[in-house]
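You will see two complexes here that share chain A, one where it goes with chain B and one where it goes with chain C.
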Partner chain A sequence: MTLRKWLLVLSLLTPGIGLIVAFIGVAVYIAAAQSFGYYNLAGESSFSLEFWDRMLDRKVFSRAVMYSIYIGVISAFLSVAFAYPLAIWLRKPFPGSLAIGAMLKAPLLVHGLVVAFLFINVISYHGILNQLLQGIGLWDEPHRLQNDRNAIGVLILQTWKNMPFALLLLTGAVQSISDDVLNAARDLGAGSFDRFRKVIAPLTVSAMQAALIIIFIGALADFSFQVIAGPTNRQSLSQLMVFFKDGGRWNDAAVVGVSLMIIAIAGSALLAAVSRIVMRGRIA
Partner chain B sequence: MSAQRLNQILLVLLVSLTAIWLIVPFSMAILWSLVDPAEPWTADKLVPPVMSFYRWQDMWENSSLQTALVNSYLLAPSAAIAALALAMPTAFALGRIRFPGREVCKILALLPLIVPPFVTSIFFTSMLYQLGLHTWRFGAILFAHAIVFMPYAIRIMTVSFEQVRSDHIDAARDLGASAWARWKVAYLPALKPGIFASLLIVFIQSIEEFALAFIVGSPDFTTIPTLLYGTLGQDFVRPNAAVLSLILVVPNVILMLILERLLKSANPALSSGKG
Partner chain C sequence: MLKTLILSTTALAIGVSASAASDLSGMSWDDIVTQAKAEGELTWYVWYLQDDLRRAVKSFEDEYGIDVTIPEGTSAGNAEKLIAERNREVGDIDVFAWGYSDFETVDLAATFSPLKMLPADDGRVSELVGIDGGDFVLAYWGNQTGIAYDPAKVSADNLPQTPEEFAAFWSENPGKFGFNYEKGGSGPSFYQNTLRSLTGVDFSNGEISDGKLAKVEEGYGFFNDNAENYVVTASNADSIVRVSDGELWMVPAWEDHLAGLQKRGEVRSEIKFYIPEMGMNGGGNGIAIPNNAPHPAAAAVFVNWLTSADTQTMFNRDFGTAPMHAEADDSNALVPNDQRANRQPWAGQPFRKAVEESFIENVILER
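Moving on, here comes the complex of A and B:
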């Protein structure tokens, strides 16, 4: 390529990718710098490890890390686990399959905050679920279901919101497997579980990894579901970061933010590796 | 035909499950939004005893709903146009010029989707404070939305540019068309569905965006999601939250349906012919 062409490409990329890299780069850079004591909004700025030191000793921080990882991993697995059988079922069009696909993807259209509201409405103390379970005589009195200690509410919300996304990715992947391959497996005597394990799973592993990772990062960094439906005695990392920022403790917020990004990257790599080993390992 | 039978059973089961899953929560929301304050909806009654549009009217007149609507519906189209304008040159380069590092650039363009939104928001705010620009909240959020949602526009427009047929461009050139005329006859028809899809998807994303609007905009700049968040938080009034939820969800569903139609119509229109 000539110098002239390079200059043309660079000038074309500048307003788009250039701006993106600069914007995200600056945000990440400021987060990293602030976590080490630079860019102090109040007081002196100088290199210091004290913010990391103190944060790592805080119980609230380690609890938030564990809690966010728990939400991220379980939500990603549940969403994919529900989406797989549905994607395989919808692989070949049949009467009504379009309508089902549309209904299953409906949560994609509903805003997370609205989902959270609809959900707490249904599970509230005098809500329809409590009434129903009392009506059929399963419970004697209403139970408090909102903000449950194990964050089951948050997991339900995450799965409800993210399963359609996993379904979208997996449907594409499953549909691209040709009938010949599956018929060949069937002719060779593979049952439906073997066909999944030995043919479908290895061939759709990249779509599954993409779904796992994107859902994991989103759920790991969750704020609104946690605030509205999550346990009150625990904080997610985003919640903790906002808490520090609201108190004007930017350096502490930065430590949490950088940790969140490190966990997102490390966790994604780990999830990708594990799913590849599990799905591909069995082929050998 | 046992597979067909099984499909039918599964179908009925799933449709009824999904219907419950969708219809119950939404009907609850609609009913709650119609509760008249004259008489509360207690647990022993199946439907609210008195129903009226009082809550809708009250929210319209006495909350920041109007400001939030104006903010959201000004912000979203501006962000959509800005994102598209910024994405066009990059999409052209990625779609029509072969250069080393093109695949890396395509991945780099997805960066905003990978970094957690609250990290971006908080440290973007921090940067605004350093620069002393934190007072112009509308501009700051607009700028951030345009960049954060640009990946969608870049992705869609790159595909659109790839699908512009070279023989159309060459034919136009051979017939003596100027650069502008070539753009109009060869590029624009192929790009149109992509342009609409990009505008619509950034619009929807911006209307729904919460983290940036909440962090950069707090305390005095409200959009519909931040207003809903407020109603769900410390001053939780169930009927009011129901009104806001419905206001947020209905236009989006309509827009998404248009988007789906657009994306579907985009394919056959573009892949016809041998390319």
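Moving on, here comes the complex of A and C:
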């Protein structure tokens, strides 16, 4: 292509790419620059590695990184793991399948904060779960379930909220597999598990990767579930970022924010590669 | 249509600039009130209890015919807006509420208008917990942290007063005392005063030094040794809800927060409140008028109303606040006046932030 044609292509792409550069690029640039000492709202602005240096030494930061990765990865896998059997079950329409599908997707319409507060009410010390388990004689006294140390509450909330999204993506992918393909596999002696492993999984791997990555990024950056239902002895990266920002330490907050972006990109690539290798047995 | 739009926008812009630029210092109070009524509206940036405060300002709106808009927003968000638009000729904020100690973080004269135009009233409070608001800031909301407790479980005659007595309570009643370390200042008030009491460090001085922080760290053993016996809650509200629910017996809380929730029937009215002898932080919120307020006269009339004895009595009755006017009635407070002697000023910044960060790292993450 000639330079002229390249310019034409670029100018035609500008409305799309231009918006991305303007809205995402500028925000990323400011965050990255702030993490190196620029755009300091309260003090002097100049290049400095001090903020990264200090942050990487902090125990609170390394723990937040590990904790956020834990929440991101487990939430993504649990959501996809629950969504797959449901997507396969709903592949062929049956009486009531539309209603079931709609109900399963209902969590998409409920805001995370609402769910978190409802969840806290259900599991609270004198909430209905404690009352039920005492009522049926399983527990003698109420148990403290709120803000549990292993973040089981957060994982339940993340899976509840994100599973419908994975279901939405996987249902489309599973439904696009024709009956002929599955019947052929059956004729060749493939059982249910083999049909999933050798036919359905490889053909839906792209949708699964998309679900895994999008859920991972969202859960990695979780703030609302964490501050309401998360363990009080752990902080997520978003929580840590807000902590610094509220103290007027924008440069420290930017370091955490940029770390969050780097982990999101690197983690997504890793998840995509691993899932492709596992589901297809190869990279390409 | 376009012409009408351009004309009305221009007229609005000129009108707003003219009102913002007007100087109230040479005007009599009656003239200011007249101008305020002509302005007809104001925006009050306040970060808490917005719904209740919208109801509370109804009497002002009825009396002066001036509409008060209270936007949603957090304290940090409002402060960022104040700072971001300080160089605009005309801003959006008419009246700005902030924690009294937060006013120390900005140059008052460069940010706010002097309140000399208000009618003389010696009962108003402009100096609170060691911070002098001068001509620029007036206190309008007195608040106090302390301990909320369930009198059915804890005897009022045997309330813990010192760190050692709290530790004894924790050992005797494991899992019945909880405090938050974020999302609200009541828990931080508790652990910071415990640390102050244990180590003797001067928290009111905001200076940071390695020696001072090392001395504070000596107090962390107290919390780490007793870690199994107390609970860390998620927020101020979470603490109060759990003591009302009967799960916890004692939690740090804000006096006005507790009183407001009790008044609305959201928390059991039996829950009591006290300020331990080791001291807990108290102070209040202040109010100021930004230099570029779009409705300066309406803002001045509103500040005068807000800081009056009548309004302060109403706040004490409806919100349980400590009145910020010498002639106001404080008979609805949750604590007797003699306990207010235990009030401690908040730790100075940036020392307070440094302690909070260190506490999270060395106590909370070690649990």
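The definition used in the following text is that the second predicted complex is superposed on the first by the 262 of 284 C-alpha atoms of A that agree within 3 Å, B and C clash if a C-alpha of one lies under 4 Å from a C-alpha of the other, contacts with A are read in each partner's own complex, and residues count from 1 in each chain.
Operating definition for what follows: contacts are C-beta pairs under 8 Å (C-beta built on N, C-alpha and C of every residue); 3 or more make two chains touch, one makes a residue touch a chain.
This is a predicted model, so every value here is computed, not measured.
Once the complexes are laid over each other on chain A, chain B and chain C cannot both fit and instead clash. In the overlay built on the shared chain, the residue A:227 is in contact with chain B and with chain C.
Contacts of A:26 after superposition on the shared chain: chain B is touched, whereas chain C is not. By the document's definition of touching, neither partner reaches A:196: not chain B, not chain C. When the two structures are aligned on the shared chain, A:94 is found in touch with chain B, with no touch to chain C.
Judged by the touch definition given at the top, the superposed model places A:15 against chain B, while chain C stays out of reach.
Shared-chain residue A:126: touches chain B and chain C both. In the superposition on chain A, contact of A:41 is made with both chain B and chain C.
In the superposed three-chain model, the partner touching more residues of chain A is B, compared with the other of chain B and chain C.
Within the superposed three-chain model, A:243 lies in touch with chain C and out of touch with chain B [touch as defined at top].
Once the two complexes are overlaid on the shared chain, A:60 sits against chain C while remaining clear of chain B.
Among the candidate segments 1-9, 73-81, 181-189 or 217-225, the part of chain B whose C-alpha atoms clash with chain C in the superposed model is 217-225. Residues 41, 126, 142, 227-228, 245 of chain A lie in contact with chain B in one complex and with chain C in the other. Every residue of chain A that touches chain C in the complex is listed here, in rising order: 41, 58-60, 63, 124-126, 142, 144, 146-147, 227-228, 232-235, 243, 245-249. By the touch criterion given at the top, residues 4, 7, 10-11, 14-15, 18-19, 21-22, 24-26, 28-29, 32, 42-43, 85-93, 97, 99-100, 105, 108-109, 111-120, 122-127, 129-130, 144, 147-148, 150-151, 154, 208, 210-211, 215, 225, 228-229, 232-233, 238, 241-242, 245, 248-249, 252-253, 256 of chain B touch chain A in their complex. Contacts from chain A toward chain B in the complex involve residues 1, 5-6, 8-9, 11-17, 19-21, 23-24, 26-28, 30-31, 34, 39, 41, 89, 94, 96, 99-100, 103-104, 106, 108-114, 116-122, 126-128, 131, 142, 160, 214, 217, 220-221, 223-224, 227-228, 238, 241-242, 245, 250, 253-254, 257, 260-261, 264. Across the complex, chain C meets chain A through its residues 76, 83, 105, 175, 181-183, 231-235, 242, 245-247, 353, 356-357, 360-361, 364-367.
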